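Next come two complexes built around chain A: one with chain B, the other with chain C.
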Partner chain A sequence: MFYRLSGVHHTRYETARQIWPVPTDRRVVYILLALALAAPLYLPDLYLSSYVLPWLVWSAAALSLTLLMGIAGQLHFGFAAVMAIGAYSSIHLARAGVPFELALIGAGVITAVIGTLFGAAALRVKGLYLVMATLAMQYLVDWVIINVPAISGGAQATLNTPEVSFLFMPLSGTGLYYGALLWAVIVTVFVLNIKRTSFGRALVAIRDKDYAAAVIGVNPFKYKLLAFFTASFLGGISGAVLAFCYYQAVTPEQFGFNVSIQLVAMVLVGGLGSVIGAYLGAGFVLLAPMFLTNAVAYLAVWGVLPLSSSLLAHIPLMVYGLLIVGFILFEPLGLAKIYDNIRKYFLVWPFRHTQS
Partner chain B sequence: MADEQGTDREKVLVCDGIRRWFGGLQALKGITIGIERGEIYGLVGPNGSGKTTLVNAITGFYPPQEGTITFNDQILNDRKPYRVAQLGIARTFQNVALFHGMSVLENILLGRHIYMKPSALSSLFYWWWAQSEEVAHRAKAEEIIDLLQLESVRDEPVDVIPLGVQKRVELARALCAEPSCLILDEPMAGMNQEEKEYMVRFILDAQEALGLTILLIEHHLDVVTAICERVLVLNNGEKIAEGPAREAMSDPAVVAAYVGKKDDAA
Partner chain C sequence: MRNAIKGLIGAAGVAAIGVSGAAKSDDTFTIGLLQDFTAVYTFVTDEYHHGQMDYIELVNQEGGVEGHTIETIVRDTGNEPQRGIEAYSRARDQGAVLVDFLSTPVSRAMVNRVLDDEIVMITALHGRGDASHGTTFPYVFPMMATYWSQAMVLADYIDREQGGLEGKRIAHVYIDSPFGREPVPVLEELAERKGFEFETFAYPSPGTEQSATWSDVRRFQPDHVLIWGAGGGQPVSVREAIRAGLDPADILSVVWMAETDANTIGVDHATGVKRFEAVATGTDYPIIERIQEEVIDQGLGAGSEDEVGTTYYNIGVATMAVAVEGARLALEEFGGPLTGEKLRDGLRMIEEFDAEGMMPPITITEEDHQGGGFGRVSQWNGEAWEPITDWFAAHQDIVWEEIEKDAAEFREDN
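Here is the complex of A and B:
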């Protein structure tokens, strides 16, 4: 079998600390990256721009949220508002003539500052109260965007993204796809690196036992704030990338409360704190309703489900909710754990024993 | 009381008239101790006598309402726990407090936190800004892993290893911070004779290798008399005896407090 650990010996800490110490994992990643880079050559435009592109950006957003919820253990039920701040800031900055690259970073910083302010307020409470505090952020941000025409873009409340170029290339056509891909790769590498450095360990420490973290010199409050800052920064830019590369015109509803819940679902279904889980979770949450709608419509046509049309419209949503609850009950580590089990199966093949 | 050799050695950790109330309950009733550089100081007493509370007062979790605590002439009273740690005081907990989402190695590496410069930015530019630091501190962690013979479980998640080994990992994490003062809260609770002997060995090795001052809370009185130079006996938040281990343990007040537990005191 090609998936082997035997014969892999690291003799330097640098190599033992690689993101993917198992050679086969590394090869899989290279192949996926090559496939992603070549995607415009073999995928129809429609698939690329309406499935793969949004999936990449939502995965980046889910990664930002999993950094906060999974790695640092701070619940956030208003992350769509974080993305909204990033989207609106970047558009207004770009419209004001700021170069797009700087507009993105500026949007990230603005979002991070606002997100951290809310975080600082929210951190005075714990658990379910933190959920309520972040929900309050969602509604406050929604309200401000809707009620301040200068932000939402006036009467129709839609704001078109201006023409921009990124690193001297106009952001259009397949450029949009590559922009989204680049952002997804950056966030992925960033989160993977956080997980293997002292910063990530400190975040996990405050998540697991904040008193034990304090006793080895970690300032719990500071690291919780840093988690809010970093996750909001990434979430803000993800919102901006979503606006520029996918929507191209933003309205407040695109970042409503239901979107925040979808983001949480992506993180939970994928597996808290897992990088691959963010991709799987985002794919699941984006695709599942589509499949379900089609499946239900198909069954209805064949007369298998003789139901009223209004109930029919709700079935996908119900199944979708059930699936999420099912995951939380039966596989709390999410899709990432299922993937991990399969990987471990091959790792020890032909033997049957895996460690966990 | 017995203080013959105590006068000429420098006092590192000094508690002066510590009082701590929990609601109406006075858990510490004016405790005064002076721990000298390089000694192993025992703290014993029946359950609920205030031993852990004293440690929590020193490490900033429950600051005393009266009295002062100084460490190397710095006042600890208003310091948050993480700032106490930065002064070089490390501790372990009576109930193992490891980070369950991490491996043994990562837990131990966290002991290096105060020497590292964790930041999101250096994580982003890992290869240029973080790798060499991570590798350098990994080497230090490996030294401690070596000292405490944890090589075989290095990559295991902490929740799958036996309790005795978990206690050793917690000691390793504390030692990794290269403290000058180490506080151990019942490091041998629930261990069998063999594990206990190993733990004593590790504590003595660590003390020698790092030149530690140790405050040891322990119920196994044989261990206390064997390795502690001096002990303090608490009962109901009060000091009932202090002095060289053997003398303090045979004090009539101590024997009375431990009645029914005497067979422990081999």
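Here is the complex of A and C:
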């Protein structure tokens, strides 16, 4: 009823192979896009600039990581370092007078090259050992940023993003939001489509078993490096967008090890390799602590929780932890799978059984 | 799906703002204490925040600031800039005129925002040192000695009380972060002027393991060592220094060294260790006595009674005492309601304010938001931190060279 399938006949291959063959899905996406485009009109600035904007950028970053971890199966626990390289490169390039559009691409390329260098470890090691190798990247990049004042921005280790314009539009005010939205849309469309290309299928083959992939003619050497290259490129630009559209002042702590873990959590809680999962995961990991903190604070103001500030501050952590454990127990495949279950239920509603 | 949720959030948000906005009246003002209760700064936040809340309660009990009651917005940021930004934006929308993050990463990320929004941000003992440059950072108030000033006070103490600096070997052992590195340029400059040998030794964050660093320090054979860390790394540094054969009296610490650290090291073991002190410790001060009487004894305290009078508690009290003094001057001069701009001007009118003897007399001007860079040296005597010098400031010319230089860089960037 909600997802009406009767009467939808695909008479050409193109329509059957669309990203969203069911018309309702397509309409939902259009509505969401329209809502996102109109968000500055109906959302107060607090929610636009402190919730939705970072959510979009982090979703783009989680999508970049899910491309590497979910689609290509290469674990990466240093993705914050990848974003840091992108953020710092873009700022230094923009400061050197490079137009912002080129600075973004330049930052992506620099990040991709460095990310691929470290990704080369994936040619020899897999699984937990690859985690160690990427962790090393995190610590090396952190160390270099902190110890080279020319990169970190002098004694105060703070780099302000210069005033820039993107395609002749100054990047400020609601422009920041649209910049982030544009990047999130680009990455989303990219990742949605990559699964339908030979490149994407090669990555999936590598993920499932790399020597089996080699036997059927997929070159693991090439595709593992390409996976790191692509994901680092996207991650680098996400870092740059995060710096320019959101933080506007970059410090090394913004890309620390804990941020890498948060990114991995976004991908895992959302659902490995899923696009909607990246959005849901980023939303959960990024926004749940904020909502919980505010909820508990309001309860305290209303006198429901007569506790000291420091104890109050820990309640959201406990709830947050419980939620993560709960979600994993309830649906190990992540939030994306929960969404999928709901969608499948309505696909045949009011009947009970789904076919797929 | 996601934007449907977003719409709901927005609707809820509009409602929430409507409710809170309507409650605002002329005889109150709001400050945001948006601090790190759960991550990196936990070693100080509890006591510090407790001191702030108790002092605010005291002021409110005594009739407020010129008849204005102080309201607080308290949020945990977990030391994460994105949560800091959210908490700050919310506090700003609810009319906060002053914010305190007590977190260097969050404060640094917030500088441009408070300058744009004209909201006072106090960065006592954290944040950017060059924010002392009042004309460049009109809304940022370090209000206590920056790390540069602290290093100069400690070095000057060695110079005057521990046999001079000339020809000495001074080691700077620090946590490998911008904070640990911060005093290096001023100390290098002083080494050149005074003719002592200066060497730096970094240990990796979080500093629970420092033995490799200290074997290098031992090879250097320093006469004095400055330890520049915070939290769990500090007792480790002291223990390692003593193991390296240093007399505890030759170990001088940055401001982050408190009773808990001495207990961790072992109260007897730590005897003799020195530290920089920005605010007096203990309960023998009129403000603390009044807090005890009018807040704690009435059951209005914000935390455990044991914390009253500890190092970080008193620092918290002092930050709010300075802020309230600024608000008082502002309200006296300009009348209510208090705004960020009025508060800024009020803070800049503070002259020789010492919180009834609890802190060095500070004077904040339009140019100098540091308040003079005063402090003193205190020593652990086995039971408490006992002051061994008067309040003084040292080599402010070197400090201000550094402030000018970094502030000029900041101006260039913006």
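The rule is short, and it goes like this: the second predicted complex is superposed on the first by the 315 of 356 C-alpha atoms of A that agree within 3 Å, B and C clash if a C-alpha of one lies under 4 Å from a C-alpha of the other, contacts with A are read in each partner's own complex, and residues count from 1 in each chain.
As a working rule, a contact is a pair of C-beta atoms (placed from the backbone, for glycine too) under 8 Å apart; a residue touches a chain by one contact, two chains touch by 3 or more.
Note that this is a predicted model, so its numbers are computed, not measured.
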| item | value |
| --- | --- |
| Which of chain B and chain C A:280 touches, first, second, both or neither | second |
| Partner chain(s) touched by A:204 [first = chain B, second = chain C, both, neither] | first |
| First (chain B), second (chain C), both or neither touched by A:345 | neither |
| Which of chain B and chain C A:32 touches, first, second, both or neither | second |
| Touched partner set for A:215, first chain B, second chain C, both or neither | first |
| Which superposed partner A:43 touches (first chain B, second chain C, both, neither) | second |
| Contact breadth on chain A, by residue count: chain C or chain B | C |
| Which superposed partner A:251 touches (first chain B, second chain C, both, neither) | second |
| First (chain B), second (chain C), both or neither touched by A:129 | neither |
| Chain C - residues contacting chain A, complex | 1-7, 9-10, 13-14, 17, 33, 37-38, 42, 45-46, 49-50, 53, 73-76, 78-79, 81-83, 85-87, 89-90, 93, 104-105, 108-109, 111-113, 128-130, 176-178, 181-182, 185, 302-304, 402, 406, 409-410, 413-414 |
| Of chain B, residues touching chain A in the complex | 59-61, 80-82, 85-86, 90-91, 93, 97-102, 106, 109-114, 116-120, 122-124, 126, 130-131, 133-135, 137-139, 157, 173-174, 177 |
| Chain A residues within the chain C interface of the complex | 28, 31-32, 35-36, 39, 42-47, 49-52, 54, 143, 146-147, 152, 154-160, 162, 246-249, 251-254, 276, 279-280, 283, 286, 289-290, 293-294, 297, 300, 308-310, 312-314, 316-317, 339 |
| Touching residues (chain side chain A, partner chain B) in the complex | 13-14, 17, 190, 193-194, 196-202, 204-205, 207-209, 211-220, 226, 229-230, 273, 356 |
